[in-house]
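Labels for the chains are A, B, C and D, by order of writing; each one numbers its residues from 1.
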Amino acid sequence: MKLHEYQAKNILKSFGVPVPNGKVFESKDEAGKFVDELGGSAVIKAQVHAGGRGKAGGVKLVRNAQDGADFAGSILGSKLVTVQTGPEGVPVNSVLVEELVDISRELYLSITVDGGEKSLVIIASEEGGMEIEEVAENTPEKIQQLHIDPVSGYQPYLGRQVGAFLSMDSKQTRALSALIENLVNAILENDLSLVEINPLVVTADGGLLAADTKMSTDENADFRHSKNADLRDAEQEDPLERIANEKGIQYVKLDGDVGCMVNGAGLAMATMDVIAQVGSSPANFLDVGGGGSEEQVAEAFKLIVSDPSVKKVLINVFGGILRCDVVANGVVSAYKEIDVNVPIIVRMTGTNAEEGGEILRSSGIPATVAHNLAEAAQKVAE
Amino acid sequence: MSILVDTNTRVLVQGMTGKEGGFQTERCIDFGTNVVAGVTPGRGGTTHLDRPVYDSVKQAVNEQGANVSLIFVPAAFATDAIFEAADGGVDLIVCITDGIPTLDMSKISAYLAKKNVRMIGPNCPGLTSVADKAKVGIIPGNIHKPGSVGVVSRSGTLTYEAVGQLSALGIGQSTCVGVGGDPIIGMRHKDILELFEEDDQTESVVLIGEIGGTAEQEAAEYIKEHMTKPVTAFIAGATAPPGRRMGHAGAIITGSAATAESKKQALLDAGCHISDSPGDIGITVQKMLG
Amino acid sequence: MKLHEYQAKNILKSFGVPVPNGKVFESKDEAGKFVDELGGSAVIKAQVHAGGRGKAGGVKLVRNAQDGADFAGSILGSKLVTVQTGPEGVPVNSVLVEELVDISRELYLSITVDGGEKSLVIIASEEGGMEIEEVAENTPEKIQQLHIDPVSGYQPYLGRQVGAFLSMDSKQTRALSALIENLVNAILENDLSLVEINPLVVTADGGLLAADTKMSTDENADFRHSKNADLRDAEQEDPLERIANEKGIQYVKLDGDVGCMVNGAGLAMATMDVIAQVGSSPANFLDVGGGGSEEQVAEAFKLIVSDPSVKKVLINVFGGILRCDVVANGVVSAYKEIDVNVPIIVRMTGTNAEEGGEILRSSGIPATVAHNLAEAAQKVAE
Amino acid sequence: MSILVDTNTRVLVQGMTGKEGGFQTERCIDFGTNVVAGVTPGRGGTTHLDRPVYDSVKQAVNEQGANVSLIFVPAAFATDAIFEAADGGVDLIVCITDGIPTLDMSKISAYLAKKNVRMIGPNCPGLTSVADKAKVGIIPGNIHKPGSVGVVSRSGTLTYEAVGQLSALGIGQSTCVGVGGDPIIGMRHKDILELFEEDDQTESVVLIGEIGGTAEQEAAEYIKEHMTKPVTAFIAGATAPPGRRMGHAGAIITGSAATAESKKQALLDAGCHISDSPGDIGITVQKMLG
C-alpha cells in the first residue's frame, strides 16, 4: 500500500530520521497561515499517490501566506494528472506545507527488498533529485547497492561504505549511518516494502534531511499492523479497482475495450498479451483468484461489464482450485441480474470444464465458446 | 528419476484438517502421492483422510518418516509453520499459502539455508512429478501426461496452460514446478533448472517467466553457462503497463531489466527457443523437439 | 547485574507478561494499608538479591493490615541472612506486597544463554516452586530445554513443544507461547542474561501468572542501556566488592585469610586453588585486569589489606598487558600510604618481571619473593 | 604446520591506531607476524607502524591480501567490527576486545557460520603459532619455546602460566590458543582440539579449563571418541564458592556439570592426564611425555 508523503514523513520522524519542519492541511487558509509560521516562505506539495507531481503543477514554492493560501486553494479539491496517473487524474485532498531547505547537495537513498538476494538492499546515489531509473540506465556506476544480511541485520560498516561512495567525511558518514539504521528499524517494525528518500538533502550546514520520500507497506503483513487501515487513502485508487479490491478481486483498469476475466495473475497477463497480439486491446487485468467463490465470480463479471469502455468480454479459466462449474454459475447469476449488451467469449478448461460448459449452454447465455487460448484470442479479434 | 519428489517421498501436510488443505490433500492422494501424515496443533491423535494427525512436525517426522512438508496453513500462521517444518527434519517444504510477509520470507530463507532445507513457494501451485506419481501441490493431476519435458513457472494457472498445451500435443512431462510469484521465494527458476539439467528423466525444459524481478535473467545466465538441454521460454506481461501491480507482488516493473522484452532478449541470447504467444507454448516445444 | 523481584516484575508487566497485583514499599504502614487494598490478605516479600529468602523468614502470608505492617516493620531495615548470603546478610530496604494467588499448578520456566549452542535456551519443568538444580540433578527427565535459533528467533511452535511437555491444553498452550514470546522480547530489548519464573503459576481459572521471578542483565550491554544504572541496588553488594567494582577491579570476598592480588580471572582462581592445596584459605578473589594502571593496583592492594580477616597477602602476577613494573610501583605507593602489618609474598614473572623485582627490592618493603606458583603457595603455607 | 595461523598469514588489525592496539601490534610484528595493514574508519590513506591504514576491512583485504583480522576496537564498536571483518573476506577473526554483549555474540556466531569464517574470542588473549612465527594476539612472545605441545585455554594469564611452566622445563609449544571466557565465544576447546589432532606439528596437548559452562565436558567427549594424541588437563576454580561470579562471565557455577570436580572427572574418563595443581601443569606434561 502506498502512503502519502506526509504519512511517510511522520513515520520517518518517529524513527528519528530528520525531515523538514512541515504540516499537512486540508484547508487553504490554514495552509496559508502556516506559511507565515514558517517565516513567510514555504514549499507546498499536493498529497497524491503518484509520481511526477512537480511537473504536473502539484508543487510550488511560495513567498507569503496569501500566495500559499492561493496555491493550496487552487489544487485542493482538484484532480492532478501526472505521467503516472490516468487521464482522469487523482484527487488532491490535502497539501503538505514545509519550510524551505538550504540545499548544499541532493542525494538519493532508498531501501527495498531484493528477491535475488532475499534481503533488504540499500540503494544510494549522488544523483539525488533525478529519476533514479534513468540514472540506473545511463550511468549505473553512479548507483551503489548494498545488501543487509538478515542474520547480521544492519551494521554501521555498511553505512560507512555508503558514506565513502557518497564522498562524505567521517562526521557526515556517522549521521548517515544513524539515519540508515533508523530507516531499517522503521522498515522492520512496520513491514515496509519501500522507503525512498529522493532527494536526501545535505543542508548548507552539513546536516541531512529527508526532503521528499516515498513509502509503501507490504500488504501481506497487514494482519499484524491493524493501524495500516487508517493510513489507506482509498480515494487515490481507481474507483473500480477499489471496489474489486474490497471484494478480494485483483483488478487493474487499462485502456482497451476487451474486458478480461481470468483466474491467476500469470494467466491473466498472458491473456492480455494474446489479446494484444491479435490486434485488440485489454480493458482490464482481472484475477478472480484461486479461492474464488460463485459470488466473487459474479461480482467480477459485473465489475467488468460496468466499465463503459468494454465492448467484448473474454472469460479465460483454467480450472484448478477454482472449478469451471463455479465460474459458470457465477457468470450465469450475474448475467441474469444485469443487462449485458456485449458479446462474451468463453474458454474454459481444467477441473470440471465440461460441467461448466453445460451450465453455460443450458443457461441460454449467448456465449461463444473457444477451445484453447489461441482460438479465444482469434474469436476476440473477429 | 524425477526432481525433488518421487514415489519414495513421504509427505506430511501442515493444515490437512482445514477445508482447502483437506480437499487438495485428497487430490494428491488420488494422484498416487504417498501422504503419510497431517499436522494440526491441537488435533494430534486423530485421523483425517485415513492418515494420522500429529500436533507437531517433529512427531510426524519421527513416527511416519515424513521427509517433505506441504503447507496449507493461513498466512498469519504460515511463517511459524515453515520454521517448524525446517526445524522438524524434512528436506523439502512446499508452501502453497499466499500472503506471507516479505520480511518473514527473508528470515525464513536465511534459516532454510542454515538448515539445508529446500523450499518451493510460498504463493505457488507446488510441483508434480508426473511419471513418478508424486503430486505435492495443487496442479490438477489430470492435465498431465508422463514424459521428458520439465516445466518451471512462477504462476499457477499459466503453468496449467503450458502443461495443458503440451499434453494436448502428446508431449509428456517429467516434473512440473510452480516456484511462486512473491518477491522472496525459496527455490528460483535457476535452482530448478540446475536440477533439470542433472535429471535423467528430463530431456528438455519449458520455462515460463513474468515481468518483474530478475529471476529470468538469472536463469538465462545459468542456461548460457551450464545448460546442455534445450529450453523453450515464454514471458507473460508484455502488454502490462509499467508501474502497475498485476496481482503478483513479483509482477511489478522495477526497471528495464524487469520488462518482458529484456527478459525475452536475455533468454534468446542464452539460446532458448522463445514462444512469443502464450497460445503457442506447446507448438514451440513441438518444433524444438523436431 | 541482578534485579530485585519488583523491578523484574515491572519489566515483565511492561512486556505483557501477567504478574500478581502488587506494589513495593519502603514504609511498613503503607505496606499495611496496601494489604487492605488487596482485600485484607497478601504475601509480603523482602526485596533482596539473594535466593533462599523464604526459608530465612523473608516471606510471609498475612491476613490483615496490622499483620502486614508488623511483618514489614520487622524486616524493613534489618539484614536477611540466607543460604546464599554471607553471615552478615543483605539489607532489606523494601518489601513487595502482592495479592494472594489461587494456585492450581506450579511450573518452572526460564530463559537464559547456552554457550554451547550459542543461543538462548528455554528451560521448562512441571516441578515449579522447587530448587531447579535439584530437579535437574535427580530427575533430569522432568526438565525440557529448547533452543531459540538466533536466525529464526522465537516461533510459536517452540511454545507448543513446551506446552505439550507441560501437558497443557491448546488454549493454555497459546497463552504460554504468547508469554514466552513476551519474555524473549524483554530479553532482546533489555539485554537480559536470565529471566527465571519459579513458580509460573497456573491459577484456578486456568490463567498463567509469574508468581516469583529472578532477572539479571548482561553488564556487557550496559553501554546501550543507560537506565540500567537506576536499577542497580549497590547496597545489596558486599561493601568491599562494591568499592572494587567502582574502581574496575574484579573482587569477591571469601572466607579465608590469605589476601590475593592476581592479574586475570583464570590465574586468580588457580591461585586460590593452589592456596587451598597447601592447607591455607583465600580471603578473596581479585583480578586487577589486563588494563590495570599503577593507581588501580594500589587501590587493589589497599582493598585487600583493609579486610581485617587478611593475615597474609599473596601477589601473583604474570606480566602481559599489565607489566610487572607497573604492579610493583602500585604496591609500593599503596604500601607507603597505609599501615601494613601482614607478610607479603610476591611472585612476578613475564613482561618486565626483573624491573618489577628491582622496584620492590629497592623500596625496602619486606616482601618474600617466590619464583613460581608452587613456591609461592609453599611460602604462603609457611 | 601450525594451526590457524603461520608465516603465510597476512594479518590486518582493526583498531591498530589505538593506544592498546598499536602497542600490541608492535609486539606481534616484533615476534615476526606478517601484519599487512591497519583498519580505522576515517584514517584511510595514512600509515601506522609502517603499515598502510584503510577505512574498511574490504579495502585492506583487496589491497593487501589480508586473510586474518585481529580486533582491538572498544566493546561498543566491536560487534560492528566483527561483522565487517566476516563480510570483508578474512578467514579468521581474533577478537581481543572484552565486554561484547552476549546477545550480539549469538547473532555474530550465526553469521560467522553462514560466512564460514572462524573466530577466536572475544575477551581472549588470542593465539601464537610458536615455530611458525605468527602471534595474533597478546600472549607475551618471550615466554614461548618452539616445540610440539599444543595449548588451549580459556583465560589469558593462566595460559601464560601454563606456557611458562612448559618452557621452563624445556618443553616447546606448537600453537597456543586462548579461546576466551565469555558465555558465547567463536571456537571452543573442542574445535581447537580437532585442529590439534590433525596438525603434524602437534604431538600432545595441554587443555586448561575453568568452572562454569560445559566446554570441558564437550572437549572430554571429543577426546574420548576421536583424539589419538595425549592430553594433559587442568581445571581452575575448584575452591571457588558456588553461585559467585569470578571475573569471567563464564566462570559461574551453573549446576553440577559446571563444577571443577565434574570437569576433571569427565577429562579423566576420557583418558586425560590431570594436573591437580596449577603449579604442576608443566611437570604433569613432562611425566606424560615420559
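We adopt the following convention: contacts are C-beta pairs under 8 Å (C-beta built on N, C-alpha and C of every residue); 3 or more make two chains touch, one makes a residue touch a chain.
Everything quoted here is computed from the prediction, not taken from an experiment.
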Which chain's mean C-alpha position is the greatest distance from subunit B's?
C
Name the chain pair with more contacting C-beta pairs, choosing from A-D and C-D.
C-D
For subunit B and subunit C, what's the span in angstrom between their mean Cα positions?
54
Whole-Å separation of chain centres (CA-atom averages), subunit A against subunit B
27
Where subunit D touches two or more other chains, by residue
107, 110, 114
Set of subunit C residues in contact with two or more other chains
149-151
Report the residues of subunit A in contact with subunit D in the complex, numbered from low to high.
149, 151-153, 155-157, 160-161, 164, 170, 173
Subunit B contact footprint on subunit A (complex, rising order):
84, 113, 115-116, 118-120, 133, 136-137, 149-151, 187-188, 191, 193, 218, 220-221, 223-224, 250, 252, 254, 262-277, 282, 285, 287, 290-291, 318-321, 349-351, 372-374, 377
Which of the residues in subunit D end up touching subunit A in this complex?
41-42, 55-58, 77, 79-81, 83-84, 86-87, 107-108, 110-111, 114
Contact residues on subunit D for subunit B in the complex?
110, 113-114
Using the touch definition up top, name the residues of subunit D that touch subunit C in the complex.
20, 24, 75-76, 99-107, 109-110, 125, 138-140, 142-143, 153-161, 164-165, 168, 181-185, 188, 208, 210-211, 213-215, 218, 234, 236-241, 243-251, 255-256, 276-280
